[in-house]
Amino acid sequence: MSESDYSKKHVEYVAPEATPEEQAELDAMYKQMDSIHLKPLWRQIGGLMPNEPEPAAVAHKWDWEELYKIAQRSGELVPVGRGGERRALGLANPGLGGNTYISPTMWAAIQYLAPGENAPEHRHSQNAFRFVIEGEGVWTVVNGDAVPMKRGDFLLTPGWNFHGHHNIATEPMAWLDGLDIPFAHQMDTGFFEYGTEKLTDESTPEYSRGERLWANPGLRPVAFPGKTTASPIGRYAWEHTDKALNEQLALEDAGFPGVVSPGHAAVRFTNPTTGGDVMSTIRAEFHRLRPGAATTPVHEVGNRVFQVFEGSATAHVGEETFELNHGDIVNVPSWKKWHIEAGDDGVDLFNFSDHPIFEKLDLARTYTPEGI
Amino acid sequence: MSESDYSKKHVEYVAPEATPEEQAELDAMYKQMDSIHLKPLWRQIGGLMPNEPEPAAVAHKWDWEELYKIAQRSGELVPVGRGGERRALGLANPGLGGNTYISPTMWAAIQYLAPGENAPEHRHSQNAFRFVIEGEGVWTVVNGDAVPMKRGDFLLTPGWNFHGHHNIATEPMAWLDGLDIPFAHQMDTGFFEYGTEKLTDESTPEYSRGERLWANPGLRPVAFPGKTTASPIGRYAWEHTDKALNEQLALEDAGFPGVVSPGHAAVRFTNPTTGGDVMSTIRAEFHRLRPGAATTPVHEVGNRVFQVFEGSATAHVGEETFELNHGDIVNVPSWKKWHIEAGDDGVDLFNFSDHPIFEKLDLARTYTPEGI
Amino acid sequence: MSESDYSKKHVEYVAPEATPEEQAELDAMYKQMDSIHLKPLWRQIGGLMPNEPEPAAVAHKWDWEELYKIAQRSGELVPVGRGGERRALGLANPGLGGNTYISPTMWAAIQYLAPGENAPEHRHSQNAFRFVIEGEGVWTVVNGDAVPMKRGDFLLTPGWNFHGHHNIATEPMAWLDGLDIPFAHQMDTGFFEYGTEKLTDESTPEYSRGERLWANPGLRPVAFPGKTTASPIGRYAWEHTDKALNEQLALEDAGFPGVVSPGHAAVRFTNPTTGGDVMSTIRAEFHRLRPGAATTPVHEVGNRVFQVFEGSATAHVGEETFELNHGDIVNVPSWKKWHIEAGDDGVDLFNFSDHPIFEKLDLARTYTPEGI
Amino acid sequence: MSESDYSKKHVEYVAPEATPEEQAELDAMYKQMDSIHLKPLWRQIGGLMPNEPEPAAVAHKWDWEELYKIAQRSGELVPVGRGGERRALGLANPGLGGNTYISPTMWAAIQYLAPGENAPEHRHSQNAFRFVIEGEGVWTVVNGDAVPMKRGDFLLTPGWNFHGHHNIATEPMAWLDGLDIPFAHQMDTGFFEYGTEKLTDESTPEYSRGERLWANPGLRPVAFPGKTTASPIGRYAWEHTDKALNEQLALEDAGFPGVVSPGHAAVRFTNPTTGGDVMSTIRAEFHRLRPGAATTPVHEVGNRVFQVFEGSATAHVGEETFELNHGDIVNVPSWKKWHIEAGDDGVDLFNFSDHPIFEKLDLARTYTPEGI
């Protein structure tokens, strides 16, 4: 698809010249349409059906230091418990009219749990994950499986699994939550149910049962055949992610394929029963750029969110530029051209997106103006 | 899933008692959060994540006589042409804040074309169909294939196919258009491009080429193997739909399976290369109820729209009741319990829905409180 | 894949020069291997793993007049009934060592039923179809559904469906049966069970229930969602096959796509719940060649069988040539280059193959030496 | 499916009483049929279509000590090289008429490579794997990727990948090869091509590149999206298999699900791009039984082969019993009831089967007479 494909802009609809009498008739007609809940396409088509996506969402950066400080403050002022359910601060895209949506499809939040605190169990049809940017000492209990949360881990709570968390360490802990709450809310698909106030399992094992059964490379338990809609791996431990990225870069050094583009290693978290995404609506990846390396500029249908895990980077989104350091979060709205350049020490980036939604509905499109 | 599963309502979050000093601190914190585009989950969870879908969309009925009359009026006052593109009157759900959405996902409109008129060619990534409630004499040209439109026909314009229409009859013609415009708009997936102002093919064949190749029962051309994302059948002619429904009822009379429930015949329009829905985001069906028969009451995730083709019916949606006659349109918002009872002469109903979206994303749910 | 890819023939294994003592030791070793059921690869690899398929099956033509005459004769001499089950004459490929296999995977037979005769009900896991080259007056009852058999019809009896036949006409009737008996026999997958001696339904409807529900183009009963392993259409009536082929040729005349190659129309019989083949192991197609037209020469993994329905043709298979007239049957062994040229009046050809087996197992290969 | 389903045996076809004249006519008819390559179904149906699979293959045990000794002997007497290609001793099922088939579908062989020896490169469409029962020091080079072979490792050579081996250790090495040679041979699907006589890569890395990119649990390289027909993991290292089995037993001890049945842990080797089997035609698993534990008796369509890796066991197959020790190999023909009981120290069993063939063709069946 060439750039010119996207240059045929809408012709503005210009109502034909009308005499005052004609205009009065038109006005009367439009008023009547309104009264019976009709609207003419010809007066709105340009806004409704633009030549290419014109997202209301804007690109925005959230500063980790600010986020963390105010999360701490809320830990001092607001207890966590039934009713409020979670001490989570949702990132509200400035373009989305006050809704707590980082994109039209996705929710991102900082969740903060002080030592000894307990977030009660509940379940919802919304899919959820957590990414731990620092710290340890929290266990999340998902359908009765106690899952440790440590720095660099990526954790799943697929829709309709009961889950709660508790912090057994001496330090507070904060992490990134991602869910498809906006999609569920706008599409009217959400169900929610309370579980127990205390966790159903207060043990603190080193590995979750889901990992022990399923996080063995290329192996699956014969006892559980078939495909599952979400990955049965509850925790993708950092040690594996880190090693997989290192291997890609080592293979690149040795002259073999593996990286996405020069200096750019990336792994996707997958469901081992399908090889596909971890959950139906959410894709999650981890990207590592060598110092000075950059991703290929691309337009994509769908929304991405990045969080810097280590190092620093510059994100280019549309016409804007964002300097990113440890913990900073930035989003990329649909079809905005984006690329990320690593800083002097390279950068490690956690990434999630809503791309599976569009791929499953045959609505995905990408365009790399400079070729691949 | 029992009714009680949906009775565990949200506990209202009640902020703990606060002294004036504490309240001032809280207020300051919330204000600061706002300034950096953060919102606390605990103050919004009940609205964001209800126990079950609480759609903003409401059930509504549009009266065909009214629709047709005002469509005629717009035919007198507003020419059709480049810029406005189509003389289409969109049905705007009264609950959706002024948007021309019949549901959060779907667009429904009455399109009206006077004798000799021509709707210019364009293409868009949005999927579209047309259902002809009465009349004939229009051909829609889809990717160069001239497709006749006649009473009872169901016609496809899958995403990114160029298409235009012209009316060669002596009478105006009106039909129902359905598209996934709201979904594309909210999800930022839409692309649009102009084509020629005059139709690329002005012939008026009795059958389209798509039908001639693909509308042969259980047969496919060997020249075109594989699956396509949308059905290659451009026109589902009424004669086949009518016959298939009659057969189901005749089989019921003879004591054999075939109907959905007693007195309720239904066919789904499908993509013959997959056996699945005609397009990725839209399901279309035709239902026929014998006099006095009714559909089974059901809650479903997703939205349905019905148009009465012949006969009359009463639609029950949530707590509301709608009397439906020829051409009348009614919608069912997500998770509202609904059923339809045929009038004295039975009823023929065209139906479309967004169910494929939810099935593909593992978000579909149904609940029949009275059993099936 | 170029022709030269297939020119690297096996190097004949040449046992190294051996002294008499060495030879004695080798002989002793090979004898011992034999005694413990071992065989060395190096003495058999060329036969076991040829450079390209070297089928034992040969191309062969069976003459319809001969077939029909002897079928008639067997009708006079041998009653049909329980134990023998069917008056079917299996076509035994001369290369397959006396087994009644037309190919290593498929069975083809002429079945003959005299007026008033009844072939008792049974079921087997083997998939079966019938193709009616002439006549009418037999009904086959498949799982209780009485299916008429008429000239040109293609009929299914998917694995594990009870079925029997009876002839209610005043003339005997003969047709072609195709099954995957050899595959089931060699792969040890076959199950067989007797049903009633008399048919479970002796009615003689004009259309089967399967057709009435499922043979409506692009339409499926809402009451039966999902995919089925075999097509629910029990009978593919000739009128539809004929019309679909005519349409392809008419579109070719008008300059539009549709035919496989110039003058060569073809339809594949499909399962409307998937768009794929009618049964898991068998593909069935109908080909029509204009006078003088020919198919494209091709090598294919898998086996094809053709029967001339009308007209005449010359089949080229490997180095051999077969003149084909009404009813004649010819087979194409795996990887033999083949093409068919129509005679002066063109030709209508029924075709079946085992290609789905190889496609599902990622073993399919085709090679068109002259390009496509 | 109840036992009785399989008790309805074939009625023997009994030719009706015939006078000498009639018999002469019949004899003449059968003779004529023979001359035109026809065979009547009624004289062979019981053998061709038994009530349940009656495999020609028998259950047989190959003794590892015997196998190893004669492999050593062949190492002394027969060089390995171009033409013979591999020093592999194929296990010939005593029921399969002298063919080197362990089942109608599968080849199993002991391959033996002396220090310094080199098995030249070639490729074939047949799928292959290796399982290393003892030793190390051989690298197999698959499409240029040097893959180490160590005790307990399971290694893949999917169809049409060039591959060769060399032994750089000071000891000879022997391992189990499994391929779908019989299936390819009987079904006429095999292609074969020579590669280089010397290996294309003589390096001896600790891990293959395939492992480094793909054997990371739940992670896949973003650079290689999509599904592949065979697993990209060239080597399933023993350390992961062993750990996964230990975890299942530890979970069983703790009262959690994971094992197949009491005391019976099992993992399946999978393709991480699909979650399915490693190759299209072959399933591979590793089973571990605690002392005294046993698998559930079952009839299955398809063939299994077991090799004891550690410990001892008793295999029951049909009416037969086999005592198994380190390295011993036993096969289970289709539909023979089988179960395995662990010896006093438990048992570790490598297993492969042709089950994917039957599952993909909808021909799989299992029956557990004692329930599951």
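Chains: A, B, C and D, in written order; residue numbering restarts at 1 for each.
In the analysis below, a residue touches a chain if its C-beta (ideal position, glycine included) is under 8 Å from a C-beta of that chain, and two chains touch if they have at least 3 such contacts.
Each chain and its UniProt protein: A, B, C, D = Gentisate 1,2-dioxygenase.
The shown structure was predicted, so the numbers you read here are calculated from the model rather than taken from an experiment.
S.K.: Work out the mean Cα position per chain and let me know which chain is farthest from chain C (Gentisate 1,2-dioxygenase).
M.R.: A
S.K.: Mind checking the centre-to-centre distance between chain C (Gentisate 1,2-dioxygenase) and chain D (Gentisate 1,2-dioxygenase)? Centres are C-alpha means, answer in whole Å.
M.R.: Chain centres of chain C (Gentisate 1,2-dioxygenase) and chain D (Gentisate 1,2-dioxygenase), defined by C-alpha means, are spaced 29 Å apart.
S.K.: Using mean C-alpha positions as chain centres, tell me how far chain A (Gentisate 1,2-dioxygenase) is from chain C (Gentisate 1,2-dioxygenase) in Å, no decimals.
M.R.: 52
S.K.: Quick one: which residues in chain D (Gentisate 1,2-dioxygenase) touch 2 or more of the other chains?
M.R.: In chain D (Gentisate 1,2-dioxygenase), nothing touches at least two other chains.
S.K.: Name the shape of the chain contact graph, picking from line, ring, star, complete and other.
M.R.: Graph shape here is a ring: one loop, exactly two partners per chain.
S.K.: Provide the full list of chain pairs in touch.
M.R.: A-B, A-D, B-C, C-D
S.K.: Flag every residue of chain A (Gentisate 1,2-dioxygenase) that touches chain D (Gentisate 1,2-dioxygenase) in the complex, lowest number first.
M.R.: Going by the criterion above, the answer is residues 209, 212-223, 225, 227, 231, 233, 236, 240-241, 243-244, 247-248, 250-251, 256-260, 266-275, 278, 285, 287.
S.K.: In their complex, what parts of chain A (Gentisate 1,2-dioxygenase) are in touch with chain B (Gentisate 1,2-dioxygenase)?
M.R.: Going through chain A (Gentisate 1,2-dioxygenase), the ones touching chain B (Gentisate 1,2-dioxygenase) are 5-6, 8, 10-14, 16, 22, 25-26, 29, 32-33, 36-45, 48-55, 57, 60, 62-63, 66-67, 70, 73-74, 77-79, 82-94, 100, 104-105, 109-110, 124-126, 159, 181, 184-194, 229, 280-281, 301-303, 333-335, 356-358, 360-363, 365.
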